[in-house]
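One chain, subunit A, links the two complexes that follow: it is found with subunit B in the first and with subunit C in the second.
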Partner chain A sequence: MSALVRFVDAGLEGLDIILDRFHRRQGVIGALLLSPSLIILGVFAFFPLLYAIYISLFDTRRGIYNGAGNYLRAFNEPEFWRSVKVTFYYAIGTVPLSLAISFTIAWLLFRIVFARSFFRTLYFLPYVTSAVASATVWRALLRPQSGLINLLLINIGIEPQKWLIEPRGVLNILTDGMIPPAIGPSLALCCIIAFDIWHASGFMIVVFLAGLSSIPKQLEEGARLDGASTWQVIRHVSLPLLSPTIFFLLIVSAIKSFQSFNSFYALVSAPGDDTQNLIVYIYAQFYQNQRIGYGAAVAVLMCAAIVLLTIVQWRFVGRKVHYE
Partner chain B sequence: MVRVSLACAAVLALVVSCTPRDVPAQDSATPSSSTAKTFKPIDPTSAVCWDRNTLETAKLLDSIATEYNATQPPVPIKLEYLGNYGDIFRKVSLSIQARELPATAVGYEPMTSEYIVAGAALPLDDYIADPSAGLKADELADFYPSVLETNKFPQFENRMYSFPFCKSVLMMYYNKRVLREAGFDAPPQTWDEFLAQCRAIKSKTGKQAYAINVDCSTIEGFIYSMGGEVVNGSVSTFDQPNVLAAFKLFDTLVKEGLAYQAPPGTYDDREAFAHDRTAFFFRPSSHRPDAAALMAATPDDWGMTRIPQSDPNNPRTALYGPNICVFRTTDAHQKAAWGFIKHFTSPKVSVRWAIATGYLPIRKSAANDPDMQAFWEKWPQDRAAFDCLAFGKSQPNVVGWQQVRTLVERALTAVISGLKTPEQATADLKKEADKALAAG
Partner chain C sequence: MRPRIGTYALLIAGSLVSVFPFVWMLTTSLKTSREASAPEIDLLPQTLQWANYTNALYAAPFGVYFYNTLIVAFTVMTSVVITSLLAGYAFARLEFRGRNVMFAFLLATMMVPFEVTLIPNFLLVRDLGWYNTYAALIVPWCASAFSIFLVRQSFLALPNDFFEAARVDGCGHLRFLTWIAAPLVKPSLVTIALFSFLGSYNSLIWPIVVTSSEDMRLIQYGLTIFGSETGVQTNLLMCASTIVILPTVALYFLTQRTFLDSALNAGIKG
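Right, the complex of A and B next:
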């Protein structure tokens, strides 16, 4: 019996030693396990980022070191600032509206019983459709001379619009010229915003639906028993409990709004001052004007702006998020 | 974390604030023979030529290349079709960064000037002057001066960095049915007549006369035909009265409802023309085959003529069409590329190409070629375009013009949208264009 006890003790001691060694080597094993993703991130994310910073310091066409020249040029370039303005109009137009519309649709989809799966699929469809393909359809619909939208407007007695080629501000059009045409987003930009809300809302709806499903039903029932109206339930129960979801979507959609390219490029084949966001501007510098160093400098500035925006959101909005 | 961020920011600030200075550069602003052959050919066994032709014209070009390859060049020519000129420009530009290039590629003058700055384009003067492989004086004299001059780059010692390849000129296409409805039996010869016809078309038929395709070369053509220029040396001339006159014409046309803007990147102007919704469109003569196809049911109801002029006795129009550029790769690739260019622009091949594609023959002697004459009998519009070659003027070949093109198109869009007056638009355009040209 005692031999058995000694044997078990020895076994346990041996196991302790192995576990001890394993713990000491955990760091090495962890690093090994992380290395594939670190390599991929290094090659496809960190290296390009560092290389972009490096080439932003050069006049790449002439191979001349340019110091802060490209950055200074950006700050003195009216076209750069116009692109910044378009980017902000776009972000302000898409992010809050997408969130509000997606939440509303998700809330309704969560409640309906009739053909629930059908409607959920229907709303998710735009997201899985190719942006370029759907943009082509939108372009056809919005053609000034032969587009379906203008034909409908003419039929109901409304003046047809130039839609995607209208650089005048939408406020100017709505107020019949009382507000100067350069104020506010152009009608063309509003069309792009509408397209992106339509295209991206499917993803947000699915995330909101997942968030709504995780809210315990008792909370809503309790609120109802206490006499809360639908709006009060949404305001005081659903929205606070969805705040992590909203925060996640806010961060992701804000970043995506700064990086939007497909819709701009596919909807407006020759972007004007009113439809050229920062990414399209960077693209033009790289591939149309061959100002690669300058384009990289603008890209670095944009990256810094996104990081700053995310930190601000994290600091100010993140505090109001309820994590259970 | 904060310390690390501050340290990174300090290092970055230090790096970017260093005074700009030259580092041992691989390229220089004015490439010399010392920078020659620094690019690897993308295919060591053949001289790759990047082109934009498709379908039938690509087949013809392939057959011309096959003929040339039968002459046993140092390396055979291999044609690759890469999309439009913009796509080719992007691909060449990226290949310059990768230090690996095709032997030759087609492109417009502003594109070539970018290649020169990058040290990639090879001056062709030595090849042209070569006693055996070059062109004799009478052969050179057979080319229209306008198509040759545009390939000489004044910012780069006036050397010839490209060679004319496919040429066309800006023409006015007119719909005879719509003109007849408005009581006209001939297209306008001057801009005043053009405006008068547009007004008559609007009042008598209710139709808009013209769908504006906002394109820099078209705008340049309007300016040239009004006696204006767009650049003087490396400074723009958008503050000149003739430029303002061109912008004012567009402004008047749109304000009076005589014209509207066709969506960029579409052929809505041609489509509206074919459906009798407009009377005019302005496109290069190379669009003649497409116009003929669109109007195939009523081939006698349309025409193509030179664009209206302010001074019909001193006509001008925009010269379109790509040139071809040879890159600094290996001697064998360069020789093969030049040999192909020489073969392609030889009188017989030039005529064959023109008949099949709608481009213009770039040799004067083509006018006497029986095949060409027979073709012009069938398509007199093409003869009208060929006659314009004598006074066609190409876009400026100065560094930075590629950027100016976008600025010009945006300035015109601002005018026809009512965002700016022609005076404001041209003044702003002048400022921004000069800035872009100065930045180079």
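Right, the complex of A and C next:
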């Protein structure tokens, strides 16, 4: 082993001597060190963005230039708008709820000493397991016939549900048909939302814990001495001091919620109108319909929406963030 | 702060929600197929059916899926660690013209969502003649802007004296980076190794798009296909899920101390 180390060291020393010829020019060393990363990112991340815009201008099936045709077509396609709606329901369902739930758990975890890291490990577990494998488990639990969840519901006298294959709106089910079934997210979509909150909150909990541990203890203790209630401490001390963390998680999870694919694909094998988000729609255009140019156009629109959303959050929410 | 019973009760209730699906998965995987499909709320099997696991492994070519996935995941992980270490060092510790421009470029690629690049990358990989090869599964993921960013942050957090002392002693950049600097940022390297391994082990859409033959399939796609076949028994399906989940959980337990305690903190605050 030490022979190998010496061999490698000699090689590095040789390279260093050659590089030292350019002693005053760190640019040569810099270029050498950066080139592997920059070439790969340039070819497979930056160039494709420009290429996507280029091919979105073509009718790829007939191989002719199409101008803004693909974009206009997307705007006139009801299926496109339905998947936009699903994407928004999904984002509105997952982002605030998972932030609230993970903050609560992190806050509780932070108050205990005994077994803290044990609980943290348990809460983080869903995050490290693949979405496909845990979705397989959820599918079995939510099966309409003889799934465990329905068996439990029957046991306590509630009507069993069709869960992941239920296209009716969840509001329609809850109000016993008062609200038409087409309004609001479907029960199937709500199951996907619940799955993703379950699957992703471990990451948020860990980040919140890191944020909480950076708050000076004296602030909270001082507020308590002044007679502040638990809720007042959270509202006026913890949350404002955590605002950079919350803001970071808000931006990241909002972007991620637009890109969710694995859980949709793994939970619903044949997506209906109510469970097809934008990325599943793009995938279907590309894979089943071979409409490459059109799929690229929808992807570019989606990218623009993500950038716009991030800017809006940055401008309007970012202003309220307290930095030390 | 006094620990309260209510706090623990809430935490236990919440962690049951987190863990229950996995407990159910494990117990169901050890049931007979009759027990697994019976409409009864019995969590535990009568006798443990360990043979289910060998049956599940024979029911689909999981060996091939695993072999492919491990090759892809380990190659990607090693490459990401090396490319990020080199680039992170250059961004943090070298002065050269164009550095800030390149760093801005890096941050820009971090914001490009993968679905925009999905179709062009497929066309690119096809034109390179990589369709249905390991190269298509590996090469595009061998550098990661996020990982470079993380390594750069940890290099910046180190005191300057280390670097100057080494330079004064006449140690070249490459030797210094390999023997002194890299061990100092080990927590970040462990973190990016874990994240990139999880990323390629759990990836689904890209492997579906760039491969076509059975012998190039990766584990996640293999599992979705196995799960969507009609007539697959629930107990075998749960065995397959357990087998797929096990390696990442093991890796997580091996690395969690390093990665949870130091690196995530540094990454977020930096």
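Heads up, the rule we're going with is that the second predicted complex is superposed on the first by the 287 of 324 C-alpha atoms of A that agree within 3 Å, B and C clash if a C-alpha of one lies under 4 Å from a C-alpha of the other, contacts with A are read in each partner's own complex, and residues count from 1 in each chain.
Note that in this section contacts are C-beta pairs under 8 Å (C-beta built on N, C-alpha and C of every residue); 3 or more make two chains touch, one makes a residue touch a chain.
Just so it is clear, the structure is predicted and the values come from calculations on it, not from any experiment.
Peer 1: When both complexes are superposed, which of subunit B and subunit C contacts more residues belonging to subunit A?
Peer 2: Counting contacted residues of subunit A, the larger count belongs to C.
Peer 1: Which partner does A:168 reach: the first (subunit B), the second (subunit C), both, or neither?
Peer 2: A:168 contacts subunit B only, not subunit C.
Peer 1: With the two structures laid over each other on chain A, which partner does A:248 touch: subunit B (first), subunit C (second), both, or neither?
Peer 2: So A:248 only meets subunit C here.
Peer 1: Touching A:61 in the superposition: subunit B (first), subunit C (second), both, neither?
Peer 2: first
Peer 1: By the touch definition at the top of the document, which applies to A:158: first (subunit B), second (subunit C), both, or neither?
Peer 2: A:158 sits against neither subunit B nor subunit C.
Peer 1: So which bits of subunit A does subunit B touch that subunit C touches too?
Peer 2: Dual-contact residues (subunit A): 139, 145-146, 269, 287, 292.
Peer 1: Where on subunit B is subunit A touching in the complex?
Peer 2: Subunit B residues touching subunit A: 12, 15-23, 25-29, 86, 89-90, 93, 97, 114, 117-118, 211, 214, 260-266, 268, 272, 277, 402-403, 406, 409-410, 413-414, 417-419, 432, 439.
Peer 1: Enumerate the contact residues on subunit A facing subunit B in the complex.
Peer 2: Within the complex, subunit A contacts subunit B at residues 53, 57, 60-69, 71, 73, 78-79, 139, 143-146, 162, 164-168, 181-182, 268-270, 272-273, 284, 287-290, 292.
Peer 1: Any idea which subunit C residues touch subunit A in the complex?
Peer 2: 1, 3-4, 7-8, 10-11, 14-15, 17-19, 21-22, 24-25, 28, 37-41, 82-84, 86-87, 89-91, 94-99, 102, 105-106, 108-109, 111-124, 139-140, 142-143, 145, 148, 171-175, 178-179, 198, 201-202, 204-205, 208-209, 220, 223-224, 227-228, 234, 237-238, 240-241, 244-245, 248-249, 251-253, 256, 260, 264-265, 268-269
Peer 1: Write out the stretch or stretches of subunit A touching subunit C in their complex.
Peer 2: 8-9, 12-13, 15-17, 19-20, 25-27, 29-31, 33-34, 36-38, 40-41, 43-49, 51-52, 55, 105, 108-109, 111-114, 119-126, 128-134, 136-141, 145-146, 148, 151-152, 155, 198, 202, 206-207, 210-211, 213-214, 245, 248, 255, 258-259, 261-262, 265-266, 269, 278-279, 282-283, 286-287, 292, 295-296, 299-300, 302-303, 306-307, 310
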